[in-house]
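Two complexes, one shared chain (subunit A), two partners (subunit B, subunit C).
On to the complex of A and B.
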């Protein structure tokens, strides 16, 4: 099946592992992702806080380009980033509801020679596409190296499941689609009551104390249920839980070491792909010890270099124990 | 009741808020049940909970509302919005309050000025390049607003770079001229509305 693909700014670099692993698992599943040519930033949650009409125009340029390039990728636009998915589907929905808003956005788009009819492009989250278009049975056929024994906490975050403007593909508060997908991969899915709670988003840049508390709750919850790994569907969630995990440890005196991987990375491993093909190793909290436990990476690779405690004190890097 | 993002000739603060929100936010249906406040992950850090903010809006207390840190501490998690029994578009109302607070020049008095400064820096990158640029965003934001604490960001930045998760230069889209023309037109329409 052919789809237009909107990677979003995070996947360009910060979440390169998500981009790489998404493409690596899409290919064997027959999901053809045609990158939207010359897409622009969706504005995250920042643009809309300062400007209304320009924010909708910014988002709609992408929708207009997708409609224009329809022949290449079809009328469905796949976004792996939850924030991009929300912004694209929300702008489309609100323009569909308000012809007056749509008319103003179109006047702005016309200044760039573009036009968009609300409702003509269907924005989908990558998880939705894999679970509902491909389906668990088809996915299962590709599992050659099951993740048997790996305790996985499926973390959905907020905006992929809430508010669900177009495709309400899972429950708002207790989603289960990724749980089932991870079970198909052979993993042991642990109960994770906070699975759809907030990681704080950009709050890390605004008020660290508020953000770190939100991140701590999630890590504690996963730790309480003895998860080996937290699996995410959003680059913001991955960044907050991974890159700020050491900050949480310093702030609260905890010692969490829970690796945070993308669902596509675990799918890739279960499909028998090599960790390097899936961007594994780019995480701050090393995932290899957890993966070695279930035979997914060699023991040698999993060896964590620990400093001799008697050695002279040295500055510590983030992610180092 | 005004129901459009583009109607601004309002009589009361309540109408002004509704007019600044896209679509119909259903604010007039608020029951003051407090489900939003109870669902909010950062409610404890807000100086007025969302429910209180809606009561203040109904009471026409514009200055108090626009000086509040509440919308700036909203993490956009949408819990309130999916739980609201009246289907009020709470998250979108929070965005509207942020915009109004900036327009009225009150955001520096909100107790959370970092949030709008961060948004401003983010927007500058998007408008110049068409894409966001994390290194520039984080460095500029911290150097401009937290020069003393900026040094604390160095280990994180270094960790990102070492793991090939950071670009050193921003990427510019090909159609940046087209995007800028679209945004300029949108700003013109906003001004005229």
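On to the complex of A and C.
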């Protein structure tokens, strides 16, 4: 399947591992990602916080380009970064709701010889594409070295699943699509109650103590559940949890050493690709000790304890017999 | 289309009466103006306006004019015909005019209530009067159709609603078939421990009624059965019921329970015990089940699954086990039907942030009902999922799935009260427990409900006003470890709070049965957006439906507690008894008729008829309407490509003339030939 691909600024810089691994797993899955020509920054959160109209014009330029280059990638624009995904779909939705805004934005776009009809491009998150367009069954066919024994905490962050302007691809409060995807990879997925809580975002630059507390909660929760690795779908989340982990340790006197990887990196490993092809090694908290656990069945299998006779049965969940 | 209407008799005399309806119509429409204008229209002999046409004096006005002026047709411009068509038809009849020589123009709901523009409203009223006059002169006298009422009644659903209705009708001396899907009657009420606000034991007040149903000579109880198909009309329904195989011969079974005791296969009981307890593969849902016969569940039975065991057969003293039993199809003939199919509990898994199914010590309200029930899986002990630990802190979350745009916008009406009951029951059994209620509003509007709320307040239960954001086991602060933390905005103090508790109870709301849509279709009923059956009128006809002879009662019509359910069931029963007492019902003769000379036998109408009222005569190769089953909807009339079907009282003449009348003020601009 063919999609327009909008990597966004972070994937060109600090999240290069995401870019590299996304392309590496897309190919075998038959996802053809055609990079948008001449794309520009989505404005992250700074532009929207300052003035809305220039922000929407900046974002919409990418949508207009995608529409113009339609033939190359279909009418779907894939963004691996949650912030880009949010901004692109938000601008589209707001313009769709307000013809007035759409007219103003189009006046701005006209200066560059561009035009955009709201609703004509469907913005998708990469996770949504892999889970819903390709599907677990198809993905499973490519798993050659399952991540058996690796305990992963799936971390979605607060942006990708809410508010969900176009596609409600997962539950807003308690998403599970990546949980299932990681299970398909053979990993042991731990319950991660903070999976859709905030990583602090840009608070690291504005009020570091607030950000560090938010990051601490996530690390503590993953640690409490004995996760070997936290797996993310967003460059911002990866950066905060990875780059500020030592700061958290200094600030709170803790000693967390939890590597933070992109879901595409773990998928690549399960597909049998070499770590170097997936940008593994670029992270601050070294992932190698954790990844060395792959294949060690012992602990995970031993997790099965016999139920106490007196205990009441647990509720039956969907898919259980 | 060329104008080919038959011309009405030249000497038709029409009386037109324009109602003020107090100020409901007169405020927006110049009624006097309309009457004066109508007096000058063709066929009109007399036109008047009057303050309340539906009053005795208004009706007498019509009757007098028919006698004095020799009126042959009557038009009343007033409210909806749903309200008063029958009133004025009666007035016509009393003066010797056939009741169908009457037409009503609805200038209230369709005109005065829709606008404040007096001029436009008056103009529209004139159009509607004109349409009615043009139509009424084409009316033909028709005779009402008598329908015999079969005195037998079908009740679907054996909860407290069905039980109450069945006993009321049976005690009046009429036969009832009570069909229940589960192995026993009793419904949700049988699962509950105590009922609010009186706290009397649910089983103690319910089981005597269940026993009465089981023993009543006028009640045929068809448990473990489902309705498959319904045909017919009020007074004469034919119903096909599937009696599922119990694998127990009811003639031989004494209900001793030896088979249950010896059965080696034990599974979680998802229905009666709400997943909190176990049952055997051959089981009675609960000890007081009616009927007393157990059921074998083939999905878990060792013999059905693996081909050997038959322990039950071995121990049965009467040889009642019958593995070869098959489903039975029964055909019932009844005159009336009451639907009392109840509700489903909102599935708390749909709000994953509350952790049900993931966090062991989160329970649903129904699980808790079973837990506090002395006959339940813990024999009434309030314990955590481990089966032994008593909780010290309990959080009760209201409005789970109710008053929530993401799920159901409506209030489920029973949850506030049962949540208060839970708080009281926890206090009663664990006196030093800290109990929190997280609520949006406390809705305690019922007899002695508010008093009960105050009682629970005085018992020291905490009330936190705010919708809970999440329930988590992710400890953040000291003192939270090992607890379930309820994160909530306390809207009364305007602060976020994190309250650690041991046990969380989710007060799940009431939903329509998941299969209510397809079920409604079987009976020709409508469902609202939430899936509840639509009553004929929410205030005045709450148990009638749009299908004559089919009634609804209880929570299948909307969320309601036991007192309202019982009241509704009694009301539905009295509707049925009244129908039976009438013996014969006079039905409007508004039916379709197929002209055999014009019918081409294309059969388009056959599948179109929603009431299966059209048959195809193979020998003559034409279709024919079964008058008794036709409801006069007109679908076939408009679909017939050879215009062979006529709807009585809705003939082409009548409808086309009405349209022309409606367009009276355009007549000069559009040449008639172009119409």
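Keep this in mind: the second predicted complex is superposed on the first by the 294 of 321 C-alpha atoms of A that agree within 3 Å, B and C clash if a C-alpha of one lies under 4 Å from a C-alpha of the other, contacts with A are read in each partner's own complex, and residues count from 1 in each chain.
The rule is simple: a residue touches a chain if its C-beta (ideal position, glycine included) is under 8 Å from a C-beta of that chain, and two chains touch if they have at least 3 such contacts.
Please read all numbers here as calculations on a predicted model, not as lab measurements.
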First (subunit B), second (subunit C), both or neither touched by A:173: both
First (subunit B), second (subunit C), both or neither touched by A:13: first
Partner chain(s) touched by A:193 [first = subunit B, second = subunit C, both, neither]: second
Which superposed partner A:221 touches (first subunit B, second subunit C, both, neither): second
Subunit B versus subunit C as contact partner of A:52, first or second or both or neither: first
Greater residue coverage of subunit A in the superposed arrangement, subunit B or subunit C: B
Contact residues of subunit A, present in both the subunit B and the subunit C interface: 173, 317-318
Touching residues (chain side subunit A, partner subunit B) in the complex: 9, 12-16, 38-41, 43-54, 56-58, 61, 94, 97-98, 100-101, 104-105, 107-114, 158-159, 162-164, 172-173, 197-198, 200-203, 205-207, 210, 214, 243, 247, 281-284, 317-319
Complex interface listing, subunit B residues touching subunit A: 3-6, 20, 22-24, 41-42, 45, 71-73, 75-79, 81-82, 91, 95-96, 98-99, 102, 112, 114-116, 118-120, 122-123, 126, 130-134, 138, 141, 155-156, 158-160, 162-167, 171, 173-175, 178-179, 181-187, 189-190, 193
Residues of subunit A touching subunit C in the complex: 171, 173-174, 176, 191, 193-194, 217, 220-221, 224, 308, 310-318
Of all residues in subunit C, those that touch subunit A in their complex: 268, 270, 275-278, 349, 351-353, 355-358, 360, 364, 367, 377-378, 383, 385-388, 470, 472-476
